Amino acid sequence: MFYREAGQYKTSYKADQAIFPIFQDRMAIVFYLLVAFVAIPYFGSDFFITSMMIPFLIFSLAAIGLNILVGYTGQISLGTGAFMGVGAYACYKMTSIFPDVNIIILIISSGIFSAAVGMIFGLPSLRIKGFYLVVTTLAAQFFLEWCFIRVPWLYNYNDSGAIEVPQREALGVIVTGASATPTTRYLIVLAIVVAMTWVASNIIHGRIGRSWMMIRDMDIAAELMGIRPLYAKLSAFAVSSFYCGVAGAMMVFFWLGAAEVESFDVNHSFLILFMVVIGGLGSLVGSFLGAAFIWILPVILRAIPDTIGLDINAATVEHINFMIIGGLIIFFLIVEPHGLARLWALAKQKLRVWPFPY
Amino acid sequence: MSADKSAARGEVRSIDSLVTFPQYLLLNARRFATRPAMRHKNYGIWQSWTWLQMHEEIRAFSLGLKELGLDKGQKIAIIGANRPRLYWTFCAAQALGAVPVPIYSDSIAEEMEYVLEHAETVMAVCQDQEQIDKVLSMGKKLKTLKTIIYDEPRGMRDYDLDELRSFEDVQKLGEKTLGSKDAADEWEKNIYQAKGDDLAVMLYTSGTTGRPKGVMLSNDNMVKTAISANEFDHFDETEQIVAYLPLAWVGDHVFSYGQAFTAGYCVCCPESAETVNEDRREIAPTYFFAPPRVFEIMLTAIMVRMEDAGTFKKKMFHYFLDHASKVGEKILNGEKVAVFDRIKYFIGELMVYGPLKNRLGFTNVKVGYTAGEAIGPEIFRFYRSLGINLKQLYGQTEASVYISAQPDGEIRAETVGRPSPGVEIEIADSGEVMYRSPGVFVGYYKNEKSTKETKTKDGWVHTGDAGFIDDNGHLRIIDRAKDVGKLIDGSMFAPKYIENKLKFFPNVKEAVAFGDGREFVGVIVNIDLTSVGNWAERNNIAYASYQELAAHPQVYKMMAEHIEQVNRDLSGEEMMAGAQISRFLVLHKELDADDGELTRTLKVRRNFISERYAPLIEAIYDGSTEKYVDTEVIFEDGRKGSISATVEVRDVKVFAPVSHKEAAE
Amino acid sequence: MSARTAADIAVGEDLLHVDDISLSFGGVKAIQNISFNIVKGEIRAIIGPNGAGKTSMLNVINGFYHPQEGTITFLGEERRKMRPYRAASQGISRTFQNVALFTGMSTLDNIMAGRSLKMHRNFFWQMFRYGPALNEEIEHRRAVEEIIDFLEIEHIRKTPVGQLPYGLQKRVELGRALAAEPSLLLLDEPMAGMNLEEKEDMSRFVIDVNQQFGTTIALIEHDMGVVMDLADRIVVMDYGKKIADGMPKDVQSDQNVIDAYLGVAH
Amino acid sequence: MDLLFNIFVSPFIEMVTMPDFLLQVLWEGFVSGTLYALIALGFVLIFKASGVFNFAQGIMVVFAALTLVGFHAAGLPAYVSLVLALAVMGFLAWGVERVVLRHLVNQPDLILFMATIGLSYFLIGFGELIFGGEPKSMITEQLGLPTGSTTIEIFDGIVILQHLDIAAAAIAAILVAGLALFFSKTRIGRALRAVADDHQAALSVGISLNQIWAIVWFAAGIVALATGIMWGARSDVSFALQIVALKALPVLILGGFTSVPGAIIGGLIIGFGEKLFEVYWGGLLGGGVEGWFAYVIALIFLLFRPQGLFGEKIIERV
Amino acid sequence: MFKKLILGTAAVAMLSGAQMMSASAEDMHYVPSLSYRTGPFAGGGIPVANGFSDYMNMLNARDGGIGGVKIVVEECETGYNSQKGVECYESTKGKGALVYNPMSTGITLQLVPKAPVDEIPVLSMGYGLSATAIGEKFPWGFNYPTTYWNQLSSILKYIDSKGGIKGKKIGFIYLDVGYGKEPIPLLDKLATSMGFTTAKFPVGVKEMQSQSSHWLNVRKERPDWMIMWGWGAMNSTAIKEAAKIKYPLDHFIGNWWSGADADLRPVGEVGKGYVAANFSGIGTDFPALQDVLKHVVDAGKSQVKDKSLVGDVLYNRGLFNAVIVAEAIAAAQKATGKKAITGADMRVGLETFDLSAARLKELGLEGFAAPVKASCSDHEGAGSVFLQQWNGSAWEKISDAIAPMNDVVRPLLEEAADKYTADKPDWKTQSC
């Protein structure tokens, strides 16, 4: 309905290969960015920004990371939580060792560590497939969790065993620690997520992304086309873990403020996997939709009884929440196993062919 | 090749002195150097040429042709679909004073052979291997044909014949001469030497009977017609059109070549015949021509697709369409419309009309034309109510298209408009429409007899159509003059008129009416497979083939209802009430151009059909209720086969004339 | 169409030479002592009844299976064990018996995927999809478009291949193999499961590829009829053994071949 | 050198010098092994018949045990509660088939896997809503399970055998044997195997896939109840118990996803392995290695035998 | 379609957030309770939350609130999960929260740095960051009545009193998370000064219910005493396993989170002899608890499932927590002279209240707990703990209040506090 594609013809491959070849889509992106960068910081309450938007964005980034692995390369992983942890601990250590280096640079470079760890645990994927690979990644998950507890150097020998975010400034503004305003933290997270989403989209649409999808769709054929499984899989593990690592570092530095190992436990891996599957495998939009569904929906559900003045105790709400979310997950899988992204795409398609049904 | 060497040289001629299209090319290369001249969807994108680039391409090819010996007055055949290079060939040939002869690319070899031989073509430019094969299959029969040039090299590797050359090779040949002498200057000089009354192009009309005739059109015919057509609809260099109609048809030649060169607008060639709709959507042309049939198919497709939409969407769609049919045309015509209706129309534009036009690729259409046959008033109004400025025109090859056209603001479904600029129209005593204009052709090539029959000494041309000028000064066409006949009881019988009324039902694809010199009117009906098939699906009617569907009792019932409706309409019209349809049958096969039942422009060949289906027509008139018939058909690959069926004939209700006046005679 | 004669082929230059190849899976012998050659520019068919080891033979040629015995000489280079991607990078490209397209990607992307070996821009440029990486994409897009044009699949350019009918999928797969600009193209039953018209189309494309691009083709086909018209020379296999090798007309009249086929057909 | 000594020498010295302790370790390994095997068995049953990796098995264990305890707490006799709990599991199986599985036929593994995670979320919420989050004690004695222990004096030391552990091992053995009989001797059992081998074939001999799924889920429910009783008796019945179910994964990897004996042997390998490693080598790494050790065993194992202990070697085809 | 949906929900969320902001508390004491009635630790979370809210409701019912202003306890479910805890914090802090009781060490760690920024004190009663005891360094953090470290020192003193600790081997079995690891530095420190050796047995969250190998290791190490820092399902499993290897349970001492009725009830007779620390009274034989029963539980306003659960160790712990909060509110009212107070006023109250023995009696809680006197510099109150023993069906108090080794612990706490604030340049401190 909003789409007016007539007259949008391409006279060069550059235009035809663009990520958003349709004008209205480009406008929509601009609109979303305006909302995200201007409207939300201006109108959003602290609660909305800190408890909904920041975690939503961070989880979206992690979901993109996992989606690269699961959705684009077809390698199942349940180690996301731990890979996020690697990023968080790496960032914490680096800022302890180099307190003067800009924290944002450290956040990004912490991804390098998780990428390296991810590659190591990705090695078995060369021989192991499917659910069997789940076990390797679970091994990574539990082994790394154990490391986070058992290697006190990682948390600076803190008595609590937790990493606590020190206060850091960037460009003269306090960006981490409790004194950093929610808006500042939100804007940094948003900028990083937007930039990294853009990069992810570039990689996916290019040679490397294609090699991942080749491995995913038909690994044997891919190899016979000259794709080296080693490169393709490990690069997917590396990029995926990089994203998760950065998400993990941001989670601690811009959202939680402090974290124990439980922040990176296996439930976390499940949570992200949910986002990816519900959102839609092999879709960047899906990663955002999935994160929104899994993270924001419960927050809203929790707020509902209070908002409509229903006096149910918190525990019951939580129990019902669990049931609703579990039920919705099943419902969505039944109704649209390809996730929200497919629904999104269908809706978009509907709008494109409007008023026709197909 | 640098720009200064190519375009900006030579003398500057004033625009009024230009009499040929190559002269316009030189002008456009200078005035619209960076504007797009042509686009072609190829290799996935719209490959584009500016006027300057196109000028260079044409010049290279033209010089190449010259090297190959093409000379003034010689004929060069152009065979293929809408491809930039084939369009360039027109200009390249004209630049040398040679005469391009486009040939319908779907002609079978024999048809092609006739034209090539008749026109004494010395060269042929073919699109691809398929056309080359056809030309080569004629072997040595074509004595004049010396050189064959192909556009697409695909599959041509093994053709090591001396007379075969690729388009690129010829261009290279031309470029080589550019390097050496003052070839470019020479070439331009040559172009400016051309005269207005030189032959510009020769177009063979397929005609409903007999051999095709080569209509000779001069530069003046073409250029003047093109210029006045541009003025009539205010076309300039910003237009974009999609060239998808046959290259050899006069309409396409005028729209995609003549008007494009004189106005300087951009012509876009679709990727292939299958992708025309998609390509049109991408380009969103500002000027669009299509025969009524295309509009009809489009409307049917829209309605069929909407049938599958959800209830809400369907309701909304029809709600707004209803509204559009009330006020849409008024708004388009600039009439007074209540504010509330305007608001509602605006919402409709957002929700329905806009998206719909967009899906059809009509968003940017300034002017759309339809011609060739009468268009159903509902169809015509439908498009206009959406805000598409669709108009009708009436034209002929012999007139370089334009005889009459509807000026903005005076558009009615049943007329074909006022005489075009420079055209005079008269109705002969026989009721036949006659015209005289600057576009009137020079004559039929090598056919003095026909020329004399058609064109009077003082330049009046017989159209062969019966019609009259109505009270508003608009021309109305009833039928082919020779087809208008009388029933035994003397009632006027205009078969086309009746057929068109039937064809306005989406379920009816084609209808052929008989009745001249008979007791009553009988019709052979062809169902529309898309529309009826869809209806059958929705009503759970199983069918395995076209034949089975056509013979289905339910389908018969539906057709009978349609025909009754037509009869009811006819009964209200003074002149036509006497010739209502009494009996009909639904034909068991689709009328097809390959079987010769339709012309290449998809017009019904009445005489052929009445011969071919003589037994069926007999059955209509001898009162039998069914008839076995066996028909020979030609498959796409050229093999022959036959279809046989027992066809049912039915009676329909006839209505008494409503008019109080007495029926004619 | 082809004007080549048997004599032309006999003097042609060897592109590939397999020598005394044996392959077994846990005691089951799939291929036994097979030798034959493929000459540059020819269409070489490997035929045989079901289970004759034809596909295994192709798998050996492109490095997917490693034969226990024997050698393979490709472009004058002898090799024993080789990963499939090495074979691919040396110019061996193939299609599969059961279409093995990348079902989640569009026709365009599938054929682009076939050009993987020719694309090299590094990760850095890929990240920003800028400069060399973008130029490379565009350059290869052009090459891919030529293949799309060649195979007449313009209308399905952006359709996900999973949604295509079988015949078109086969064509896309051929396109993907062609995209690698192989010096040896292996086709595993390119006409399996097709109707007559599709078979004719596919045959035309195979011949066109051979003539237009001069690509050497080795194809497996179950249907003798198609092969006789298509191939320059034929190897016939049965139960993992070579039972005949030669010109179509010779093979056709070979008693062993007739027996093998009759034996299967009952 | 010290390190090497600690890795390669001293543990063995310890084993030899304290044989009674070694025996105790092995016994504990055996008991946890059988319990792991029991959980894994629940997974195997479902995977074998429907190809679903049932993540909800863990929560089913908790749910079954809670139902049992819940009925008893409501005043019903222990055995009646047991029967009712079985009925609830049957109803659950039926419901899962009806509401979830039926609509997800032919979906990719991952989707089915996710659906079971959704199911476990639902069951967690549902269970807590009904039974509350407080830990309950298992009605061990009421069910007639033995308590207390037997101390065996041996090698100048003692080995303590809990009666409950012995019972657990015995019950596990009975369940396995029972299931094996069920699979090989009964019509439904054979049908189940047919389904596992080939869905199409099973359908063609007139077996309803839906029925079979309901049956395997019920069987898995029975196994879950047994597991819940055993684990519940060893600690308590609370939602924390679901975590134990994750241990089943490496067991499955070792044993193969579809093999009942594989599940048992895998369980025992993991049970023995992790106890021995934790007790004799864990200290070197600061302890708590049990959490990942099983996975690492499975991982190392996979690298050498990607098809699992009982799987067949995969020949890749194109 | 979807765009709209998402934008719609976002709008709702943004608005609801704003609404929360605007609804500030003029006529109530708004006390959020970050409870956990779900998840693996619900067994501990439920009674604590019940005790907390029941006492407050009792005050509302009996006294009409504190100083004439009603108390509103809003529970927010955290599931013992830090992320949800932060979410709860963010969603309630705008409503005029007076004080946060995170009920989880993990959440406390998250909230401690936020407290000075939002000016809402954090009271982690007997858990959390031990270093917040140093009031100079942590103006906004409190952990009355005592810290883990103090508690450990008390337990060690108890062991010392039972036949000396020198030369003994002390086993320390703990939940392998921040909470469990917290006292290790002190344990190591005291091991050298008091002359005992240690053996540590970490229990991962996943192994809570499968501890056989840990206890095999215990059997191997043969420690003379075992100390447990357990929580949730770990406790009962540990006690059962200890009994299984025939470890003398009277030499097995749990901290105050390892000594709940809920932990021992599933163990029953087997756990007889097990010892645990505690700082709040056992049972309902206190006038205040009777009031709770009368005004709240019997009135059906409590979430307690069974009346018999009132007076449980953890119930009373939650109740005691409420007592301290209530006392602090009263003190804040007195200090500021306002009826409705703010978070900042509450901080003053938390530094000035005096829960003396007399005051306890006045409250109807004589002997319920050791007196706590708040001060600016001491945010823990250095309270004593006593020990209780399980008799197979109920807890019995077996020792008097044992004072902690303040002299040893305080410098260590100061050191930890310094370390904590070291990398926080803008950290707000105060001088006392």
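In order of appearance the chains are A, B, C, D and E, and numbering begins at 1 in each one.
In this text, contacts are C-beta pairs under 8 Å (C-beta built on N, C-alpha and C of every residue); 3 or more make two chains touch, one makes a residue touch a chain.
These numbers were taken from a predicted model, which means no experiment stands behind them.
> Which chains are in contact with both chain B and chain E?
A
> Give the fewest steps needed to get from chain C to chain E, where each step moves from one chain to a chain it touches.
Contact-graph shortest path, chain C to chain E, evaluates to 2.
> For which chain is the distance between its Cα centroid and the global protein Cα centroid smallest?
Given all protein C-alpha atoms shown, the central chain works out to be A.
> When the contacting C-beta pairs are counted for A-C and for B-C, which pair yields the higher total?
Pair with more contacting C-beta pairs, A-C versus B-C: A-C.
> Centroid from C-alpha atoms only, then distance chain A to chain B, rounded to Å. What do you get?
Distance between chain centres, rounded to whole Å: 56 Å.
> List the centre-to-centre spacing of chain A and chain D in whole Å, with centres computed as mean CA coordinates.
Distance between chain centres, rounded to whole Å: 33 Å.
> Starting from the mean Cα coordinates of chain D and chain E, work out the distance between those two points in Å.
So the centroids are 36 Å from each other.
> Calculate how many whole Å lie between the centre of chain C and the centre of chain D, each centre taken as the average of the chain's C-alpha atoms.
49
> If a residue has to touch 2 or more other chains to count, which residues of chain E qualify?
37-38, 46, 176, 202, 204-206
> Please set out, as single numbers or ranges, the residues of chain D touching at least two other chains.
Each of 124, 128, 133, 246, 286, 288, 291, 316, 318 in chain D touches at least two other chains.
> List, in ascending order, every residue of chain B touching at least 2 other chains.
Within chain B, residues 44-45 contact more than one other chain.
> Report the residues of chain E in contact with chain A in the complex, numbered from low to high.
1-3, 6-7, 9-10, 12-14, 16-21, 35, 37-38, 46, 75-77, 79, 81-83, 86-87, 90-91, 94, 105-106, 109-110, 112-117, 129-131, 176-178, 181-182, 184-185, 202, 204-206, 303, 416, 419-420, 423-427
> Using the touch rule from the top, collect the residues of chain B that touch chain C in their complex.
Those in contact with chain C are residues 42-45, 154-155, 157-158, 271-272, 274-275.
> Would you tell me which residues of chain A are touching chain C in their complex?
12-14, 16-17, 19, 199, 202-203, 205-211, 213-214, 216-218, 220-229, 235, 282
> In their complex, what parts of chain D are in touch with chain E?
That would be residues 14, 18, 21, 24-25, 28, 31-32, 124, 128, 132-138, 149, 151, 160, 162, 231, 234-241, 243-244, 246-247, 274-275, 278-279, 282-283, 286-288, 290-291 of chain D.
> Can you check the complex and tell me which residues of chain D touch chain A?
Within the complex, chain D touches chain A at residues 53, 99-100, 103-104, 107-111, 113-115, 117-126, 128-129, 133, 246, 249-250, 253, 257, 285-286, 288-289, 291-292, 295-296, 298-299, 302-303, 306, 308, 316, 318.
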